[in-house]
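Each of the next two complexes has chain A plus one more chain, namely chain B in the first and chain C in the second.
Up next, the complex of A and B:
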């Protein structure tokens, strides 16, 4: 199996010096744990942070040279489509850049590959790649994706491999001209942050504890179905969304 | 040929076997890396190194010194005389044989002392095994020699003489058989070690304690297998006589961590032999360490447990105690350099510290600009590039520690009170690199050293003053290799001179019994034991010493990255040290290092308060 780990030009939050993004280093460790042949990919200028990744379990990194104003997604997608690996791993967000965590999704979209987010463990499965996904409050989900796929890694994944200077020194960085395409602003609308509105299920009634929970937690409610047939699950979901007034096609 | 001739022949046969064994040892050592050795200077210095330096250390245990003088003197004297007996005229004379008999008698007395050392019970720090046979062989050789020489002098029957030769031959054979792996190997290796010592600056009362820079361009960094050691380091390991003095001095051993410096040296010596040929070791083990697999391969793993490597506080107590001038700390750091730079195999917290240093120039990841925060409310002038001052105050990593900040506040207050012109580097002071270097990360040390030296060289000052002995050692002794040469003064010396000059006047004497704990990096690394004591004597009438003080003081456990390596222990080193302070009735424990403050103050109460010298001086001078 061939895995490519996306490396970004991380900056240390305190010193603003080049420093690898920890979750990307954890991604390397996950890929190595799969026994995959691991290579790094970076679009931009060669960066010290990328060199340091070589000391943490990576033998070679390809740097796609693109300009400041170029779109990294286009360069990465072009390079990955030209020589598709089985798995592309990325951190669930960068450090020191835009840190929106959007890049892996855009890349998956550009490649037309499935994406699984926030992996804490990977394992080969019969139908493809089993991904253990970190969910809120410590919950874990097991998903299976069919390669080639993009998987983002969550900070709760096992620790990165230790850094060793000599390995960083031995590692190879290959520079290539990356496909240059100007970055088009993708954000459709920018507005000030405000907390997401919550659906308060128990307005007024219930005990104080229930009202508190309703006001502070993301809406719960509905029925718990264990292993339902897909049709029943879909019906249930639609009914729930309709009840909340979220479904746009209430009549289908 | 009569018994006289047979004796002389025996001596020559023994000499020949010594030479053969020597050649085999040389072949073994040659497998190590090349090293630059000034042979001529070493040879010239050999007699002095042996008779003055080595015996200076041996004589700290007068009985051992007598034992060694008798045994070694007797053996060498008698054998040398016998070799001279090839001159027929010489061996025809009675005086000659009287001399021979006398020197054998001396060796005989020595053998009795060697035997007595392990009777009735063998002290734990001494080894058994081959060492139990050693006095037997010396005895046989000496007794045979004495009887034979006596028989010749008294012109007894030749049969008696020949019987004596046989006896001596058995003893001699026993001794020679131990030349490759047995105890007597220390004699050959020791002589070569003294000539080709990797640190000639250790002799003649000098103290060369700076770690040696690592060539970062080398194909392999640090030491993985025995052959990675420089050849003269291998000689040093073979020179160990298993006297156990390092074991007695080692704080990690005392705390039950998996490190016994004596066994460490034996392990390193054994590592250069194939697994099957390694001599049995019969002394104290690395406490609690599982037996290593009997395998070839990297030293850490095949011979040593990794804990052994990381337990060392680099306190140098073993080095200072070793009569053979063996360099334990260098060996530990060489192995750590490989673990750190090639393998990244560090204890978890140590790796985190190195990562923080890589990205923030500070072991805890603190912002450099916050180093002066401890002085809030005090004036702490920052020296800009191109500016000048008298004293450059190096704050060190302790400045980020709330507790140690109190000591630094006291120091700053005192400097101001005494009218000393001083300033700090501000955000331009990076970590000095002590921790990185002791953890084996020479890359980060070199980087920090260069950055600090650039900052220092851009400013003018007469001297650097620091309250941190680790920073002092690095700035004073290790930066010169990177092009930074400064006068570096410990705050104890500065405060003492301010008191002596009357620029600070004690208003009152401190009550109660004060005990001073020497920081390793001030005492053993830099020989500074006087100033702190003179300082205390000016302000505290009742100062007492612990049994282990000055150059033989026991470590607090805080050096060499041991606190971040956090190796499992049975006892805590600072608890042991605090017990020693309690033993002499300490009511205040005076310290002079941020590490010692943190470690010793971590000892649970009840215990005497732990106070830095600066705090004590401020108390005597009055908060004013």
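Up next, the complex of A and C:
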């Protein structure tokens, strides 16, 4: 089985220095766990962050050289269609670029391959590849996709392999000319990040009094049962939980 | 000197006209639904509505959709598989029930959404930026080739702001067709309920299949990290029988939590500690047995919507915080609840 891990030009959130994106390194570990032959692929300029990925479980990285204003999806899709692997792994969000997490979806669409998002584990299955997917609130789904497929990796996946210096020295980076297709620039202004306060309770809506109450009492107006028989208390609690949708839990 | 003739001026930073207190008492009209009969445009708010209810994050998405709809006389369409509760109270003018035949069929859901967008031509489609909503948003963006702003942190009818470059920079742009909203970045809708009248679902388009099967995995609640858990049941100093407590948690399908006193005493692992120096929860519901509700503990509940408490002290802060408060001995309620569950509830 052949797997390609998509590497982006990661930047460290504090120092802004080139640094591999953690989920992409976790993706390498997942691919290695499948026993796959793993190679890296990057579209853009050769980047220090991409070189460092060599020390984390990969011997080969191909860099598709394209210009600043070129579309990475077109270059990646052309290279992957020319020599399709069984599996393409990507991070669920980049860290250092636009970080929208959209690239793997656009790539899957361009290739006409299925995509499964937020993998935390992979296994070979009878009909294809089984992907355990992280969902909100700690839930997990199991998907089976037909290869070739694109799979994005979630930060809850197992940790990356330790960095091996000798391996990074030994690894090879191959540069190729990438297919260049101009990216339609989007009309957006970029400026330094400004942290904004989060919204709590009903803040921002309702009257000032409502917001004050929400900030101080939170729930308020609850039902109080004083000294009910324990059996009645238990029934009330259970009814309350069922009303919130926690009904099936007992028989799972 | 005449005081109290005119209501005192009130400072309200929202820039909305302040309602003088006298008017608040005087006019309390019968609850009427707001109706947007001839909307100038539509805003879609897409929700997974797990278990038939809107999550806090999804209510915020509806609130944000209202902010895009209200200035121009638009209407908010809640797009959800099925809903047990009142969508109108959450701010929906219309309700579009889009249920794929299979609940877990992401590719069919994408095709249905694309068909709905084609039929109703909304101005914007909003999603919750989490594992499920974010996935659907990107599937649709790739399918339609439509512009998309991911993890928006500030949104108005004129601009959307989303972080980029490892959160060292942010993009400001006119709100594109598709947007996903980060959690706790918009207020949910408050005020009068909207109409929530149903819209006709569109005919399903062709589905391109690549995902062969999809199903939820049974995850035992005890394995779920506390911060991700949906239901947390916690024990405080008022609980003595921890074996019984853990049995109760597993019978309820709840992730066990504890107060700091309990963790300090070694009765529960440190990882189970809820609060300022432990874990801050994102649960839908929280049940506290024998917990006083110290401020450091309550900080861990900042984001929990529904709280129940069992405590012998009616004056405990936990009782004041709870939506369902039971003044009774936890050592008697816990076995009764376990017995009820084991008898098949």
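Details
As a working rule, the second predicted complex is superposed on the first by the 184 of 252 C-alpha atoms of A that agree within 3 Å, B and C clash if a C-alpha of one lies under 4 Å from a C-alpha of the other, contacts with A are read in each partner's own complex, and residues count from 1 in each chain.
Please note the rule applied: a contact is a pair of C-beta atoms (placed from the backbone, for glycine too) under 8 Å apart; a residue touches a chain by one contact, two chains touch by 3 or more.
Everything numeric in this text was worked out from a predicted model, so none of it was measured.
Contacts of A:12 after superposition: both chain B and chain C are touched. Legend: residue contacts after superposition of the two complexes on their common chain; A:82 is shown touching neither chain B nor chain C.
Of the two partner chains placed by superposition, only chain C is touched by A:109; chain B is not.
With both structures placed on the common chain, the touch criterion links A:55 to chain B but leaves chain C unconnected. Greater residue coverage of chain A by touch, when chain B is weighed against chain C, goes to C.
Shared-chain residue A:238: touches chain C; no touch with chain B. Looking at the shared chain after the overlay, A:167 reaches chain B, while chain C stays out of its contact range. Judged by the touch definition given at the top, the superposed model places A:101 against chain C, while chain B stays out of reach.
Comparing the two complexes, residues 12 of chain A contact chain B in one case and chain C in the other. Note for the complex: chain A touches chain C at residues 10-13, 16, 93, 95-102, 105-106, 108-109, 112-118, 127-128, 132-146, 149, 154, 186-194, 196, 198-200, 202-208, 210, 217-219, 222-228, 230-231, 233-238, 240-241, 244-246, 248-250, 252. Chain A contributes residues 12, 14-15, 17, 19, 52, 55-56, 161-167 to its touches with chain B in the complex.
Looking at the complex, you find that chain B touches chain A at residues 220-221, 340-346, 351, 354-355, 358-361, 365, 367, 441, 443. Chain C meets chain A in the complex at residues 10-12, 14, 18-19, 24, 50-53, 55, 60, 63, 104, 107, 130-132, 134-135, 138-139, 141-143, 147-151, 153-154, 162-174, 184-191, 208-219, 221, 224-225, 228-231, 251-255, 282-285, 287, 302, 306-308, 310, 314, 319-329, 332-333, 335-337, 339-341, 345.
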